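Just below sit the structures, each encoded as structure tokens.
The same chain A turns up in both complexes below, where it pairs with chain B and then with chain C.
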Partner chain A sequence: MSPELWVIFTAILAASACALIGAFLVLRQGAMLGDGISHAVLPGLALAFIITSSRDVLPMLIGAGAMGLLTAFLTEFLSRTGRLYRDASLGIVFTVLFSIGVILIAGFAGQIDLDQECVLYGEIAYTPWDTFVVGNTNLGPRAFWVLGVVFIFNIIFISLFFKQLKITSFDPALARTVGISDRLWHYLLTSVVALTVVAAFESVGAILVVAMLTIPGATAFLITRNLQLMLILSVLVGVASALGGYYGATLTNTSIAGFMAVAGGVIFALTLIIRNVIDKTQALSTVSLQKQAITPIN
Partner chain B sequence: MTDNRNNAAPIEVHDLTVAYRKKPVLWDIDFSLPEGQLIGMVGPNGAGKSTLIKAIMGLLPLSSGFIKIYGKPLEIQRELVGYVPQRESVDWDFPTDALDVVTMGRYGKLSLFGRPSKEDKEIAMDALEKVGLADFAKRQISQLSGGQQQRVFLARALAQDAVIYLMDEPFAGVDAATEKAIIELLGELKNKGKTLLVVHHDLNTVAEYFDWVMLLNLRLIKLGPVQEIFNNENLRTTYGGKLNLLSEMAEKIGKMP
Partner chain C sequence: MDIWDLTVRFFSMTDANVRYVVAGSVLLGGIAGAFGTFAFLQRRSLIGDAIAHATLPGVGFAFLILGRKELHWLLLGAAISGWAGALAIDAITRHSRLKLDAALGIVLSAFFGLGIVILTYIQKTGAGAQSGLDKFLFGQAAAIGRQDVIVLAVIGAIMVTVLLSLFAKLKIMTFDAGFAASAGLNTGLLQFVLTTMLVVTVTVGLQAVGVVLMAAILIIPAAAARQWTDNLKIMLVLSALFGMISGVTGAYISFLKPHFPTGPWIVVSASLIFIFSIMFATKRGIVVRLVRQLKNRRKMTEDHVLKVLFKAGMDSRNWRALYPPLHISQLWSFGAAELKRGLKRLVSRGELEKEGGMYRLTENGVSSGARVTRLHRLWEVYLERHLELPPDHLHRDAEEMEHIITPEVEKRLEEMLGHPVLDPHHQEIPYFDKAKS
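Up next is the complex of A and B:
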């Protein structure tokens, strides 16, 4: 397969994996938790590098996953006991963790093959050259396989625990009264978000991860009030953003990741405009129908 | 299910204190509810009515005391208790329909990986029918009126098929016809031997709707049959100096048979 195709497929997988799990964050009014996690995983990645001095996927996932969970725990803890709103707590936790990550990277610069640029913007254009080799077979880019596994894992997680995710998102109090712990599922969902963020991170960077976690779910929410359909539409919007981003960046010779977020933003804006037009037309036709009903027939 | 019920009271609350950031909002609450009664809970705003319901449902940490459901802790008796939260407690823009929300009442009976069966869906549909919303089963919940949303919550509690029901202001924001339909439904549940504790705001209808009444204002003021304890003196203790309201009530109570 050509390098271009590998890049496109990697972008699609990154966007889809984020879109799927991000839809739940949008519904739980926790989209910024994705932002927090995507930054807070940095010290986890740095520590994994320092301790193992390698770029193996597993230590990275563990380090980053632990930091993602720590972010969720600390945020909950602060908003429960520190008399703070949740978003303020999150703002404190993730910026401090992120800064620790920055210091670690700066301090161990010689040993860490990772720079802030890459963390923020990703380097999806280079993914085809970081390949996954088993024996003598080159299976293609490592990022493609990592994201593929995470995407499938997300699908399995959501389908297996659809009812728990739904009830704890809609009515956490009822969930707890019927014995489904809203807190447990909050942390499980957070862990899956952390996993997804780490996988997507390398290719598309922290900023785009937040865009792909939020924009597809938000766009789908404008279109439908059916949860399953919303999840499917989120993935489709993610795929469209990835394609739009790739071709937009190629045409203008700019950043793929940056263009993906812009493409997502444009899709969202168009959807919002169409939604408003439809709602207005419907409202008008309802009014005119009522007028007809009221007007006496002579 | 009946195995768990033995001879204990449906709900026993002992020495309960609940504090919010060290400020107590419920003090020394101590009571047992009688089985098979329709019990209204009244008290002024901020009296801790919702807090008491939530504490019984295990949604709040207790500062002291304990709660037993038919003599055992809530954790092993969850299936016996159905909960109707305040309508405003959820976001009605959530992407789901009425039948789906009612089906959530069955989730507590499903295994970790279990999905609602055909039977669960039928039970949910029956519950919707009982509250008069069968035609709205597939309606998006954002498109239901306030009264319809309230009835969806009620149907969800029915689908739980519990023996004790705790309801937080089920009459809030519903029209007169809906209120009448809801109170009839509560009467039917009572006739089936279920115990119902209902937060209520309208003092005018307490005597008409309920068998027992709980007067609450941070402390438990009184609990007993409406005829015995729903009088001017107890209301004055509960509501303090809100006299205009009380004189109105006194007049009504004076007219009561």
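Up next is the complex of A and C:
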């Protein structure tokens, strides 16, 4: 396959994996937790690099996953014990962890082939050259396989536990009364978000992860109230942003990850406008129907 | 040059460039610290984060139009696109069912993505190499020059003037927007002023802290200051001070190691101040609260020991009998270690005497035991008469109040209830320790 196609497929997988799990974050009003985690995993990645001096997937997953959970726990801890507002707690935790990560990277600059800018917007254009080789066969970009596994894992996770995720997202109180712990599922979901973030982080960077966690889910949320349909639409919007971003970026010779976020933003904005126009015309026609209904009585 | 020489050079400020860097980071830290307070109190901290990310395309556009790096034009561009971000957040929450956090995530990432697109475009066209625009991502305080300091000082002076002239109104608006509206204030205008302040603060901080970590300098000094005071004026001053300290520390470290970006160091030093505050602040600090809890728990154990020993002697009217610790622990569900330490403290305070491994009340101890018992029973009488609770609902509440009631409240209770002799369970309420003293 040509390098261009590998880049496109990697981008699509990254966007889809994030879009699936991000839809639940949007429903749970946890979009900013996703933002926090996508920043907070950095010191975990940096430590994994420094300790193992390799880019092995497993230490990275462990390091970054631990940081993701730590973010959720510390935010919870600060807003309870420290008597801070939740948004401030989250803001403190993720900025501090991210700062430590940047300092580690700057301090060990020679040993880590990860620079500060790449942390933010990734280097998806280079993914085809970091390949996954088994024996003598070149299986294609490593990022493609990692993201593919995570995408399939997310699909399995969501289909196996659809009921639990749905009920804890929409009505935590009801979940508790039927014996489903909303806190347990909060942390499980957080772990899966952390896993997804880590997988996507390296190729597309922190900011695109936020974009793909939030924008597709939010766009789908504007269109439908059916959860299954929302998940499908969310992935579609993710794919569309990936394609739009790739071609936009190649056309203008700019950052692919950046353009994917822009494409997502444009799709969202258009959906929001169309939604409002439809709602208004519907409201108007309802009013005129009501008028028609009322007139004969008068 | 070794670290010591550099440190001397930094803090003696003989070097003009160093003076600008220090002055600049003090101004930046102070402004961000002080004005972040309002966002913090309005629970809009993360809006600051989104606005900070939204400034990036403005910086890029300004550079594209101008073709060169002039700080005040770049900052103007940043402010305009930051404002656009704030409006977009508002539009999303107003015109859809989406909540604030989703709106923030969308605006933050889409605007930032646009910024990155423009920056990479500038880099690819070649002008970016000398533009140093990427320094806006993580901050580079070492680049602050004379002109920057002047711009910052002017902006700071304007903001402080606005703050002083609108202080009372902004205060009401921050704490209770509904009340501000009902008091006839122009809340739309005030919210506009607050949002503009937030945008300007973010814009001003860009050079030192950078886009990505801007949220930290808005939140952390304010959160640290909040631990020490309930007074807005003091909080503003403290927060500004913490911001200044963090700003200078960040500048100092990036002066020592020029390849380190400033932002992360500013955040880390601010977070050290925050951790210290949250642990040791005089009223709200975690350590202070733990100490207070420990003291309360100790007092409760002591009160219970005195009470059970006093009650044990009530029938025989002999309060000076000796009890082995095992017997005492059976009178109340004490933990073994808890009881042992409690007995020791009571002996050292002269409320108990120890004789051959057994304990008995001293005269002081009898009085204290009588008082705890009396408070418990007085409270039961009060609940029964004034709240008309049935007798089986009285004990638990009294069990808590016996440790809390002060002598003043005790006196008022007695007068109000007319010095009752029996409690609702027909047990005697002891007063004799008062007659003696």
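The criterion applied here is as follows: the second predicted complex is superposed on the first by the 296 of 298 C-alpha atoms of A that agree within 3 Å, B and C clash if a C-alpha of one lies under 4 Å from a C-alpha of the other, contacts with A are read in each partner's own complex, and residues count from 1 in each chain.
Rule of thumb we're sticking to: contacts are C-beta pairs under 8 Å (C-beta built on N, C-alpha and C of every residue); 3 or more make two chains touch, one makes a residue touch a chain.
The structure displayed is predicted, hence computed values, not measured ones.
Chemist: Is A:D171 contacted by the first partner chain B, the second partner chain C, both or neither?
Modeler: A:D171: touches chain B, not chain C.
Chemist: Quick check on the superposed pair: does A:F221 touch chain B, chain C, both, or neither? Answer first, second, both or neither.
Modeler: A:F221 contacts both chain B and chain C.
Chemist: Go through the superposed model and pick first if A:V198 touches only chain B, second if only chain C, both, or neither.
Modeler: Touch status of A:V198: no partner.
Chemist: Going by the contact rule set out at the top, does A:V210 touch chain B (first), chain C (second), both, or neither?
Modeler: Touch status of A:V210: second partner only.
Chemist: With the two structures laid over each other on chain A, which partner does A:V146 touch: chain B (first), chain C (second), both, or neither?
Modeler: Neither: A:V146 stays clear of chain B and chain C.
Chemist: Counting only touches as set out at the top, which of chain B and chain C does A:L84 meet: first, second, both, neither?
Modeler: second
Chemist: Quick check on the superposed pair: does A:S255 touch chain B, chain C, both, or neither? Answer first, second, both or neither.
Modeler: The second partner, chain C, only.
Chemist: Applying the touch criterion given at the start, work out whether A:C18 contacts chain B, chain C, both or neither, answering first, second, both or neither.
Modeler: Neither partner.
Chemist: Looking at chain A, does chain B or chain C touch a larger number of its residues?
Modeler: Larger number of chain A residues touched: C.
Chemist: Check the residue A:A240 against both partner chains and state whether it touches chain B (first), chain C (second), both, or neither.
Modeler: A:A240 contacts neither chain B nor chain C.
Chemist: Chain A residues touched by both chain B and chain C?
Modeler: Looking at chain A, the two contact sets intersect at 29, 83, 221.
Chemist: Which part of chain A faces chain C closely enough to touch in the complex?
Modeler: 26, 29-32, 34-35, 39, 78, 81-85, 87-88, 90-92, 95-96, 98-100, 102-103, 106-107, 109, 116-117, 120-121, 207-208, 210-211, 213-215, 217-218, 221-222, 249, 252-255, 257-262, 264-266, 268, 272, 275-276
Chemist: Where on chain A is chain B touching in the complex?
Modeler: For chain A paired with chain B, touching residues are 27, 29, 83, 160-164, 166-167, 169-171, 173-180, 221, 224-227, 229-230.
Chemist: Name, in rising order, each residue of chain B that touches chain A in their complex.
Modeler: 21, 54, 57-59, 78, 81, 83, 85, 89-91, 93-97, 101, 104-105, 107-108, 110, 113-116, 140-142, 156, 160
Chemist: In the complex, go through chain C and note every residue touching chain A.
Modeler: 40, 43-46, 49, 53, 91-92, 95-99, 101-102, 104-106, 108-121, 124, 134, 137-138, 212-213, 215-216, 218-220, 222-223, 226-227, 259-261, 263-265, 267-268, 271, 274, 278, 284, 286
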